[in-house]
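Two complexes, one shared chain (chain A), two partners (chain B, chain C).
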Partner chain A sequence: MQSARNYTTTAYLFLAPALILMGIFTFWPVGYNTWLAFHDYAIADGSATWNSFAHFKYIYNEALFHHALKNSLLYLLVVPCIQLAALVMAKLVNNRLPGMTFFRATYYIPVITAISVAGVAWAFVYKYDGMLNGFLGWAGHALGLLASPQAHIDWLGDPGIAIYAVMGFTFWKGLGYYMVLYLAGLQAIPAEVEEAAILDGANVWERFWRITVPMVKPTILLCTLLSTIGAMKAFQEVIVLSRGQADTYTALYYVYDQAFRNYNFGRAAAAGLVVTFFCMLLAIVQFRFFGEKR
Partner chain B sequence: MKTLFKPLLLASLLASLPLAASAAEKVRLEYWTMNLSPTFADWAKNATAEFNRQNPNLEAVWVDMNWDQIRPKLIASLAAGTPPALVNFNVPWVHEFAAQGNLQPLDPLIGNAKDVYLPAAVKDVSANGKMYAFPFYNSVSVLAYNQELFAKAGIKEAPRNFAEFISTARTVTAKTGVPAFSPKLAPESGGGVIGWFYYAGLPVIDKGRAVFTSPQHVALVQQFADLYKAGVIPRDAYKMEFEQEIAAYSSGRLAMMTTAPQAIKRLETNAKARYDQTGIAPFPTDKGRRAFGAWMMDFVIPKGAKNPADAAKLGLFLTSDAQQLAFSKATETTFPSTKKANLDPYFQAGANSRDPVERARAVAARSMEFAVVVNIPPGTLPDETTMMRKFNDEMQQAIEGRKPVKAALDAAAAAWNARLVK
Partner chain C sequence: MPSRKHVHAMLHTGAHYTSLILFALFTTFPFIWALSSGLSGDASHMYLFPDGFWPHEATLDWFARVFREMPFTTYLKNSTILAFFTIAGVVAVSVLAGYPLARMKFPGRGLVFVAIIATMMLPSEVGIVPNFITLKHFGDAAAALQGTLGLGPDWNLREWIGLNSYFGAIVPNVAGAFGIFLMKQAFEQIPQDLIDAARVDGANEMQILWKVMVPVTGPSIAALAIFTLVSAWNDYLWPSLVMNSKEKMPLAVGVFNDLTGPFATSDNILMAAIVLTVIPVLVFFAFTQRYFISGMDGAVK
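Then we have the complex of A and B:
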C-alpha cells in the first residue's frame, strides 16, 4: 500500500517532463518578456536598463497601436461564427452514415495545412482577378446581375472589407480544429438522454438547444477561449494575405514590427503584455459566462 | 577479437589527432547569403573553396537562406552572442542595423581597400562617415515592353523621358485595355511613393521636417491616382512585388515591366514566347538624376562577430573584382560594385544583340552611374517602421482614390512632424 506522500511524489514525477518543458518554453519566455517590457534592451551587447514604464507610456500615446488593437478586437467577430459553425458541423458529422469519416478528414485538412501554403492559395482566391471574383462574376453574369463576367471587388485591398476577408481565411483554417473538439464533446453525451428526449416528443431544434448545447458547455468554454486567444493573436494570416495593408494591421503585427523591424524588443514586449492583458480579461468574461456555477 | 579492440581504438584515435588539431586551429568564418541556391550555388562553392585554398588557417563556411529569414535569424544570433562572420544584406538593412549599433564599422579593418569600390556604392553603405558594408552586386531597372501590345497601340519606339513614359502608358492602356505598368508601390519589397519623390528630384525631409506637401508632390501623387483610376496601373499594384510583376507581364496582364534585368532572365526561363516578343529600353531618368530601382547587395560584419579582421578578409575576397565579375557572369543580369570589374567588356558585348537579356545587361550597365539606393538619409526617422507604415497607408488611400491626395499627404506629413520635432 503506497502512502499518500509517495503517491503525490509519483504524480509529480509523471508531471515533471511536461512541467520542465513548459517551464523552459512557456513560463520562462513569458517571465522574461514581462521583465523586458520594463527595460530598454540593446541586442548588440545584451544590456537592459530600467526605463520607468517608458514603453507603456509610449504605446499609450501611439495611435498606430490603438488602431492595431482595435483591429485585433474587431477580429473577435470570427469567434462566435467559427464556434457556431464548428458545433453545427460536428453535429452533422456525428451521424453514423456512410462516408462520414471522409467528411471529418476533409474538414480537418485545412488545420494541418501550413499557414504559408494555405495563405498563398487563398491569396489567389482573393486576388483582384482571382477565383472568388471570377466565380462571383460568372454567377452574377449568369443571373443577369452583372454586365461583365468579372466582379471587381478588391478583397484584400479595400480597407472596408479586407479584415473580414482575412477573417474568412481564419474561419476556414480553424473550423476543422474546433469541429473535432466538439465532436469529442458530442460523443461523450450518453445516447439515452437524446433517446429519452425523442420519446418525450422533442424536435431536432429543441434537442440541439436543450440537450446538446448544455452538455457540451465545457467544450464550448474551451473552444471559445482558444479561438478568442487565437483571434487576439491574429498575425500570421495577416502577414501572409494582406501584409497589414488596407486596415488589417493587428496588435501582434505591431509587436512583430517593433521587434523585428524597429529592433525595439522592450516596446514589443510591452505591446505583447497589453495583448496578454486583453486575452486574460476576455478569458475571465468567458469563464463567467460558460464556466461551471458552484 | 576483444583483446584487439582496445589497441585498435587507441591507434585510430591517435592517428586522427593531427587532423583534429589542424581543424581546431582553423578559424571558422560562417557567411550567410540570400537566395543564391540553387541557381548560383556554384559561384558560392567555388568562391568558398578558393578562399579556403588561399587561406589555409581560415575556413569559410557558406550558409544560404531565404531573404526573409536573414534578419530574424541574425537578431536571434546577436541576442545569443553567436553572430556569423558575414551576412548578405541589402542597403536599407545596413542602415537599420548600423543605426542600432549592431554592425561593425569597416574602416579600421580595411583601410584604403575600400577604394576598389564605386564611390556611389561606398556612399550607399556609409553613415556618419563610417563604412558599414562591403558593396556586392548591384542592379537598376530597365524597361521591358510587350512589342505586340506596343504595335497594337501604334507606338513605334520606347519612351525617352518620364513624360513620354506616362503618355506611352496611357496610350497602351487606352488602345489595348491592358494595364501598362506597375510603379513599384508594394512597401514590403522596398517600393512606395518616397522613391518616386527622389526620382523626380522632390525633397522629402528638409531641416528636420517633412516637406512633401508642396504642389509638385501633390501633382506627382495625383498623377498616379489618375493612372490608377484609368486602369493604367493595375488594381493590385500595392501587392505587385517582383514575382507578381513577372507573372502579370508573362501572362499578358501588363504591357511593361519596370524591373531589374534578373526579371528578364526569369522570363526567358518561364515564358519563352513572351520573352521573344519583349523589347528592352533604359528606364528614363528624371529631375532626380538617379536610375530607377537601383538595388545593391552587400556583406556586413555583425557586432560581436569573433575575428572581425578575418571576416573582413573574407568580405574583401567575396566582393573583389574577380569574384564580382564571376558572379555577374553567373547571373548574367547583375553588375559589380567595383570600379575595375564594372568596366569589363562583358557588360557591353550585347549592346546590339536582339536577345533581351543581353540587351538588358548592356542597357542597365549604362545606367549604373546613376544607381543610388539610399533615399531618406539614414537615421533621419526616429521610428522608421511606424512612420513609413503611416506614410504608405495614406498614399495607398490616395492612389486608390479613397482619400484626396492633398489630405493624405498632409496627414502623413503631420504624423511625421509630430515625431520629428520630439
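Then we have the complex of A and C:
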C-alpha cells in the first residue's frame, strides 16, 4: 500500500497535463486580458505601455461601442422567444408516440452543424432575392395581400431589420439545444400530475402554464441564464451573416473587430472586460429574480 | 360510428403531429432547400417557393464541380486531422485528470476541482486575444530555436507550434472542464473493490487507470469523444483566426471562405458545397444521436 504522501505526487503528476494546459490557455488569458486592457499593445514587437485607462475612456465616449452595447442588449429579446419555443418543442416530443426519436434528432440538427456553413445557408434564405422573400411573396399572393408573388424586404441590408434577422438565425440554431435540456426537466415530472389535471378537466393551455412551467422552473432558470449569456455574447452569427453591416454591430463583434481588423488588442481587451461585467451582472439579476420567487 | 371522445382524441393526435412536423420543417428547411438546389440543373427555380424545394432537371454536376473547383478534399483532410488529435488530447487529459480527482485523497484536491469547474463560468471568448498572442510567442520561440540549432529555413519550426499550425488550432481546446468533470463522475461510479484487488496484485496507479478504470468507463469515454468530435469539426472562430493558409484550413473555415469569397461562381455550387459539408456530420449523428439526447440529460440531473 502506498502512503498518503506518495499519492500526492502521483495525483499531481496525473493532473499535470490538465493543469499546465488550463494554466496557459484558460487561466493566463483572464489575467493577461485584464492587464492588456490598461496598456497600449504593439503587435509588431509585443511591447506594452501603461496608458492610464485610455481604452476605457475611449470606449466610454465612442458612439460605435455604445451602439454595439445597445444592440447586444436588444439581442436579449431572442431569449424569451427561444425558451418558450424550446419548452413547447420539448413538451411535444416528451411522450411515447411513434416517431419521437426521429423528431428529437431532427430538432437537434441545427445544433450539430457548423455555424459558418449554416450561416451561409441562411444568408441565401435572407438574400434580397432569396427564399424568405420568395416564400413571403408566395404566401402574400396566395392570401391576396400582394399583387405579384414577390416580396421586397432587404433582411440583412436594412438597418431596422438586419439585427432581427440575425436573431432569427440564433433562434433556429439554439432551439434544439434548449429542447434537450427541457426534455430532461420534463422527464423528471411524474406522469400522475398531468393525468390528475386531465381528470379535473384542465385544457392543454391551462396544463402548460399551471403545471409544466412551474414544475420545470429550475430548468427554466438554467436555460434562461445560458441563453442570456449566449445572447449577450452573440457575434459569430454576425460574422457569418452580416459582417457588422446594417446596424448589426454587437458588443463582442466590436471586440473581435478591434482585435483582428484594427489590431488594437488593448482596446479589444478593455471592451471584452466591459462585456464580461455585463454578463455577470445579468447572471446575478436573474438569480435574484428567479431565486426569490421559488 | 366512432364516439365523440374517439374523434376528439384523433383530432388531438392530428394537431400534435402537425405541430411536430411544422417544427421539423423549420429546423431542416435550409438543408432540404440546399439539397434540392444542389441537385438542380436548372437554377431558375431556386428562389421560388415552393418550387425551390424540389430539384429541377436533377444532376450531380454541381457536386462534381465542388470537388474540382474547391480544395474540398484538403479541407476534409484538415478537419479530420484537427478532430482526431483534439479527441485524442481531450480524452487523454480528461482521463488522467479525472482519476485522481475521483479516487485519490491528496491535499489541494477540493481547490483544484473548484478551480477547474469555475472555468465553465468564464466566457471563453475572453481567451481569444491572449491565446492568439501566446501562440505568436510560441512561434517566435520555435523560430529562435531553429536559428540556434542552425536548421535550414525549410524546417519552418514556427509553423509547427505557432500561428498557422495544427498544434495551435488544437491545443487550447484540449484541457476543458467538461471532459474532466465527465470522467471524474464516471470514475466515481466504479466499485472500490475493483481498485483494491488490482492494488493487492501489485499494480501501480497507471496500470490501474489503464487496465481497470478505462475499460469499464467505455460509454463515458465514447460520449466525451463524440461531443468533442462534433465541437472540433464545427469550430469556426478559433481555426479561422489561427489558420491563414488555405492548405491548413478545416471545412468549417475553408468552405465558408470560399463560399463568401470572390470565387463563388454560382449559387447552386455553393448549395452543393453546403450539403457536402453537412452530410458527414449528419451521418455520424444518425448513428450516435442517443448519446446527444440522453448523454445531456445525465449532465442536467
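Assume the second predicted complex is superposed on the first by the 249 of 294 C-alpha atoms of A that agree within 3 Å, B and C clash if a C-alpha of one lies under 4 Å from a C-alpha of the other, contacts with A are read in each partner's own complex, and residues count from 1 in each chain.
The definition used in the following text is that a contact is a pair of C-beta atoms (placed from the backbone, for glycine too) under 8 Å apart; a residue touches a chain by one contact, two chains touch by 3 or more.
Remember, it's a predicted structure, so these values are computed and weren't measured experimentally.
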item: Simultaneous placement of chain C and chain B on chain A, clash or fit; value: clash
item: Chain B versus chain C as contact partner of A:Tyr249, first or second or both or neither; value: first
item: Touching partner for A:Arg261 - first (chain B), second (chain C), both, neither; value: first
item: Partner touching more residues of chain A, whether chain B or chain C; value: C
item: Touching partner for A:Asp129 - first (chain B), second (chain C), both, neither; value: both
item: Which superposed partner A:Leu281 touches (first chain B, second chain C, both, neither); value: neither
item: Touched partner set for A:Ala42, first chain B, second chain C, both or neither; value: first
item: First (chain B), second (chain C), both or neither touched by A:Phe103; value: second
item: Chain B versus chain C as contact partner of A:Leu64, first or second or both or neither; value: first
item: A:Gly157 touches, of chain B and chain C: first, second, both or neither?; value: first
item: From 42-50, 78-86 or 96-104, the chain B stretch with C-alpha clashes against chain C; value: 78-86
item: Chain B and chain C footprints on chain A, overlapping residues; value: 46, 127, 129, 259-260
item: Touching residues on chain C, where the partner in the complex is chain A; value: 13, 16, 19-20, 23-24, 26-28, 30-31, 33-34, 47-50, 52, 92-94, 96-97, 99-101, 104-107, 109, 112, 115-116, 119, 122-123, 125-134, 136-137, 171-172, 174-175, 180, 199, 205, 209, 230, 233-237, 240-241, 251-253, 255-256, 259-260, 267, 270-271, 274, 277-278, 281-282, 285-286, 289, 292-293, 296-297, 300-301
item: Touch list for chain A against partner chain C, complex; value: 1, 4, 7-8, 10-12, 14-15, 17-19, 21-22, 24-30, 32-33, 36, 46, 88-89, 92-93, 97, 99, 101, 103-110, 112-125, 127, 129-131, 133-135, 137-139, 172, 175-176, 180-181, 183-185, 187-188, 219, 222, 229, 233, 235-236, 239-240, 252, 255-256, 259-260, 265, 268-269, 272, 275-276, 279
item: Residues of chain A that touch chain B when the two form their complex; value: 42-46, 62-64, 127-129, 152, 154, 156-157, 159, 243-246, 249, 257-263
item: Chain A partner contacts - residues on chain B that touch it in the complex; value: 71-72, 75, 78-79, 81, 96-97, 100-102, 187-188, 234-236, 238-239, 253, 303-304, 383-386, 389-390, 392-393, 396-397, 400, 402, 415
